[in-house]
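Presented sequentially are two complexes of chain A, the first with chain B as partner and the second with chain C.
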Partner chain A sequence: MDNLAIETPLNAQLHSIEGLSIKELPICAKVTVRGDMPALSAAIESVTGLPALMEANTCTTAAANTLYWLGPDERLIYSEDPTAETLVASLREQLPAGQSAVVDVSDYYTVIQISGVKARSVIASGTPFDVHPREFKPGHCAQTRFGNASILISCREGDTFDIQVRWSFAEYVWKYLCRVGGYV
Partner chain B sequence: MFIIDCPYCGKRDQTEFSCHGEAHIARPTDTQNLTDEQWGEYVFFRSNTKGLHRERWVHTHGCRRWFNALRNTVTDEIFATYRVGEVPPGAAESQP
Partner chain C sequence: MTQAQRLDSGGLIDRSKPLRFTFDGKPYTGYAGDTLASALLANGVRLLGRSFKYHRPRGLIAAGSEEPNALVQLEEGAYTEPNTRATSVELYDGLVATSQNRWPSLEFDVGAVNSALSRFLPAGFYYKTFMWPASMWMTYEKFIRKAAGLGVSPTEPDPDVYHSTYAHCDVLVIGAGPAGLAAAAAAATSDARVMLVDEQSVPGGATTGRTLSDAYTQWFEQSVSQLHNNDNVTFLPRTTLTGYFDYNYLTAVEKITDHLGPGRGADKPRQRFWKIRAKQVIIAAGSIERPLVFADNDRPGVMLANAVDTYINRYGVLPGNDIAVFTNNDSAYLTALNASANGAKVTMVDTRKSVNAGLTSACEDAGIKVFTGHAITSVQGAKGVSSVRIMPLSDDSKSVAGQAWEIKCQIVANSGGWTPSAHMFSQSGGKLRYDNAIHGFVPDMSKAKSINPNVSAGACNGSFSTAKCLQEGSQAGVAAAAACGYQSTPGALPAVEEDGLGGIEAMWLVPTVHPVGEGSAKHFHDFQNDVTAADIHLAAREGFLSVEHLKRYTTTGMATDQGKTSNLNALAIMADIRGAQIPEVGTTTFRPPFTPLTFGAIGGQESGELFIQERHTPMHGCHVQSGAVFEDVGDWKRPWYYPKAGEDMHAAVQRESLAVRQSVGMLDASTLGKIDIQGRDAAAFLEMIYTNNWKNLGVGRCRYGLMLNEHGMIFDDGVTTRLADDHFHMTTTTGGAARVLGWLEEWLQTEWPEMQVYCTSVTEQWAVAALNGPRARELLQSVTDIDCSAEAFPFMSMREGKVAGIPARVFRISFTGELAYEINVPARYGRQLWQALQQAGKAHSLCLYGTETMHVIRAEKGFIIVGQDTDGTVTPLDMDMDWIVSKTKPDFIGKRSFVRSDTNRQGRPQFVGLLTKDPQVVLPEGAHIVAEVKDAPPMKTLGHVTSSYMSPNAERSIALALLNNGLQRKGDTVTIRLMNGDVVDAIVTDPVFIDKEGVRVRG
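Right after this comes the complex of A and B.
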């Protein structure tokens, strides 16, 4: 099974026009952690190097890991590793059994990165969430809606955004973004 | 279009939410001895309030958490949202 290439739903496509670049990022490890958050924060930090953020709709990055706030008792961790096995094992070892849930969701989602001066307008075309730079800044993330798809959007820097979408909705969101990109 | 204040995420568009009917309906504890009529009352019958109504909402496209809202069913105005387990606003002067 070692030579079985991991395919992503959009085949790492790239769509580039003036002021806008849309690409699918390579697959990365994605793990959700649920439990009583202030209590689990130290254990999560010992594994990932990141504290379990307590402020809603925020994300933070250190080294190869990124942590997202998904809900009062739920966090999502990205790691640049191609598989989540190591991360899941070390989290399960550190977190108290029976009081937490660690789930590998790597293959459940894919991430589309959109950047450029037109990026905010393109995103605003499909979501009711306010992506104006006054409201949505680096370090912010939000679970919201894009067209009919549920997405997790995060602001990496200035005009670069990551859109995490479910595998089966990836093509829909991709086509939506590319089509709108031609009009804004 | 209106804005709903999720107790966890903050103000979001209504299209991110779903409403799931009347809140604060306690499941009967003495289920062994309930008559069909009492079960029917619990499962199907709602107060169908005209005016202030407490109801369950879920932030479907957001944090996916359940919460309660106090909404006027005539004007569609939402007066308050509160977490499950919290005392409803204005609980003292109206229904139990």
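Right after this comes the complex of A and C.
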């Protein structure tokens, strides 16, 4: 597999203008975990090092892993590993059989990172979700829409945001971000 | 003419910056800070357009966005914009404006004959043409559409770009007049997020250009600068609130570059559409002066009193040297004194018999002659006022009698009182109450809609004095911030002299020497739609008494200005006719938009390639390289066919179809919906979702399933594979992916929450290349470590391994009836997989094929496409698929519907094949099978063609159809009558045209 080149929908493009930088992040492992969280949290924590009992619409990072709250019974794990094989295997091993779901969605989505002083205005152009710094702070995440695309948006720090978007919508969201970047 | 009406000093214009513009081709000059209206007025231009119906000469009435008359065609070519209000167009150098609704010229307009013929074009005329004679409407319509109407739309694409955005705030303030500024300033002393929008280029509202007091000026400048410098405040000038929707969702349009002129905004968007969610709204929208309704009150030069004030104060323009001020209230005295102080010869005509002595003596001191208890009974000057005639009013003010006076003037400044701008409160769902003190409707806070927290402050609340505006605004700002949890510390408000409406006596219809509707004079109340007091009388006579009927019958208030100046006058005149109180007649509904807005702004950036997403598979670039022609499937771009040089679609599809059955073809199947299903109850769940059995499916095995809805009708289909005991991989149709996931979730969440099942969409996780054809095995085997022999890898099973070195799941399933493999790899490797297979395929005569060939060859096998061969009204039994419906399962979705009499009745449409008697004839899809051919429809339909192709493998045309009782009719000849009248005979057959035994797929 080592000789295989990894492709992403935006081929790691970069768009940069004053006050705004948009880039596609390198592929990372993404795994959806579903199940009864109080029951699963210990197992998730043992694998990721992150507590799965967390506040709604938040995300937390430790070492190479980031854990996102997507719903009462749903978490998403990012790992810096390019593939999810190991992560999926360890989760399946730890989680009680038949009472949860572990799904590799590494290629289902790509992540566009947007940063700069214009970032919040650019995002506000496409999403009805309030991204004001008072409401949407580092460690916050939300599943919402951007234009016609479903996205998961998270605030990394200050004016840096990760937008997770489905592979087939990546080009659309990219063009959208670049276009409104010139308008705000 | 060189700005003859421009004052030497005063106003917020910059006399050092002259701007050239043309109106109807004639060059003029104005100054920076002018509107088109003020610049025209400065140049003495009073005639600006012709009216909608009667083509009467019309001029400016107002100075703000309520202007009903001065609608012009702005600019030319792609930039042209019809019906722009000259009062809202900021002047820029090179502006080109043209008058509307006149032919051949503004000065001489043939359509003016309508005015002379007005007896034959009464209110409701338009509707009457619908009624009698009905057959003539088509003829009338062309004439009416041409004779009436306003500007023209551009025919070219819009060259501008637009931006739309969402915004959130704690406190939204609508209007930056004294009330709005005070509100925003107060709220902004807290930590609240404040938005302040105002349609003008500068804040100040009605006070713009006026000097109230030094304290006020200081407060104003300080407040504006503090708001601009406060990071918590978004202050948007040139921004009109267009609509107020539930849960405090409001929309606004910001004009960003309009004031610079077309094409001069560099790369900035022309306008921005704001979609605002506010916790609290403060409406400080001000008020609109009402015209008095008097004889021929539409002559160019008859203006609202405050407009005359505004032109003097803000633009340094004295609209006329001789001005008659006509009023029923105190506020117009300020206009009279202001005009007089700026050099006009002013005559005051007041309908009231007794007037505050302070006002009359001030007038006399200024040399203004005051006629109290008088009315203007006629206005002379068709294309511009030359004089008015006034007469004393009778004791009851219903008629005139006595000494008439002729007053020479170019301008009639009139005021019938002030109407609070309750548009936004009304749009928010609040009800209005009539306030007898001001003779106008004001917000009734006891009838506000609780889901839309707002408060009205200042003139829109009926509080007209500047002092009251400041006070109410500041209080509202504090209260709104507090409601959001923020504490304000508002500063002191400046002292200002008492101004505002003062005293008023109602005067809704000014009498003249003839009763209304008799004689040649017209009393207009709605200028833009040309509706007169006589029309209201006619409406009443014909029984259209309620406000909503009155509105539609006379079209009052239905023009682009939505009756901003006319509605209350219309209501009051109707109330008078009915002998009712105004509130009994009611108010019309205020609707968005407040002023017209561009579609461009609403669309914002979502135009062109951002209008709708184009979804691409990971292999998209390969298809482009291979010269594919694409088909839209949902949002997806899928290769439709791959034409070789010189091939048309038919030739390409015939070639591709033969290749699939003779060698091997490859299809990009990545768009198929894929759902990962896990949990200990997964198999039990699938038993309920599908009609067939799933518990007994072995791990690594695949099964085709049909999903029904509760009515037993086919909903979706696809192949599902068991990856582990409690783990399945479901596929759905491309278009059904989202719908099916929603369907599964709905059942899990609402009906079977006890089930331990989790569904996750994985559609785009996997890139899928489907190999189909007798040589598929040899091709696949050449690139994989999986044993592809028939024994090791049987039909309807799945193997994991490497394909071209890429980790893959290979499903041996077939939508062609050929030996087939669907190779799934993580999307990141999709392009490599495709390229590797293309490369390896050269040795195996590999042919790329698209969706059209996929359709043809699946039809050769009679495989259905849900949504094409089914339409939501067919059961599996109708499709001759009872083999897939379990007879042993206790339940599944749709099962109960099979005992309904309708699903069991004889004569239901059933799925069959059709072979035309002439094998070269390809039936059109949708063609009807008829019981008996007649010359023209209607004909009794027995069914219709659902799929139809020229099949190169069957070497003839083939078709699939739904035919009443079709399963019992095989061998019969049926008749299809085409739209063009042709009649085609066809034989009803089994829907499988190739390899009926199914040998190839198992090879």
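Everything that follows uses one rule, which is that the second predicted complex is superposed on the first by the 181 of 184 C-alpha atoms of A that agree within 3 Å, B and C clash if a C-alpha of one lies under 4 Å from a C-alpha of the other, contacts with A are read in each partner's own complex, and residues count from 1 in each chain.
As a working rule, a residue touches a chain if its C-beta (ideal position, glycine included) is under 8 Å from a C-beta of that chain, and two chains touch if they have at least 3 such contacts.
Computed from a predicted model, the values in this text were never measured in an experiment.
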- request: Check whether A:Arg145 is in contact with chain B, with chain C, with both or with neither, and answer first, second, both or neither.
  value: first
- request: Would you check which partner chain A:Ala64 touches, where first means chain B only, second means chain C only, and both and neither mean what they say?
  value: neither
Message: Taking the superposition on A as described, I'd like to know which of chain B and chain C A:Ala56 touches: first, second, both or neither.
response: first
Message: On the A-aligned overlay, A:Thr8 touches which partner chain: chain B = first, chain C = second, or both, or neither?
response: second
- prompt: So, A:Ser106: does it touch chain B (first), chain C (second), both, or neither?
  reply: second
Query: Looking at chain A, does chain C or chain B touch more of its residues?
result: C
- prompt: Looking at the overlay, does A:Pro128 come into contact with chain B only (first), chain C only (second), both, or neither?
  reply: both
Statement: Where chain B and chain C land on the same part of chain A: residues 128-129
Query: For chain A, which residues are in contact with chain C within the complex?
result: 1, 3-9, 27, 32, 34-35, 73, 97-109, 121, 124-125, 127-130, 132, 134-135, 147-149, 166-169, 171-172, 175-176, 179-180, 182-184
Query: Where on chain C is chain A touching in the complex?
result: 161, 163-168, 193, 267-269, 272, 275, 277, 604-606, 609-610, 612-618, 635-636, 676, 678-680, 726, 756, 758, 760-766, 805-807, 826-832
Query: What residues of chain B sit close enough to touch chain A in their complex?
result: 1, 8-10, 12-13, 15-16, 60-65
Chain A to chain B touching residues, read off their complex: 56-57, 70-72, 74, 128-129, 142-145, 150
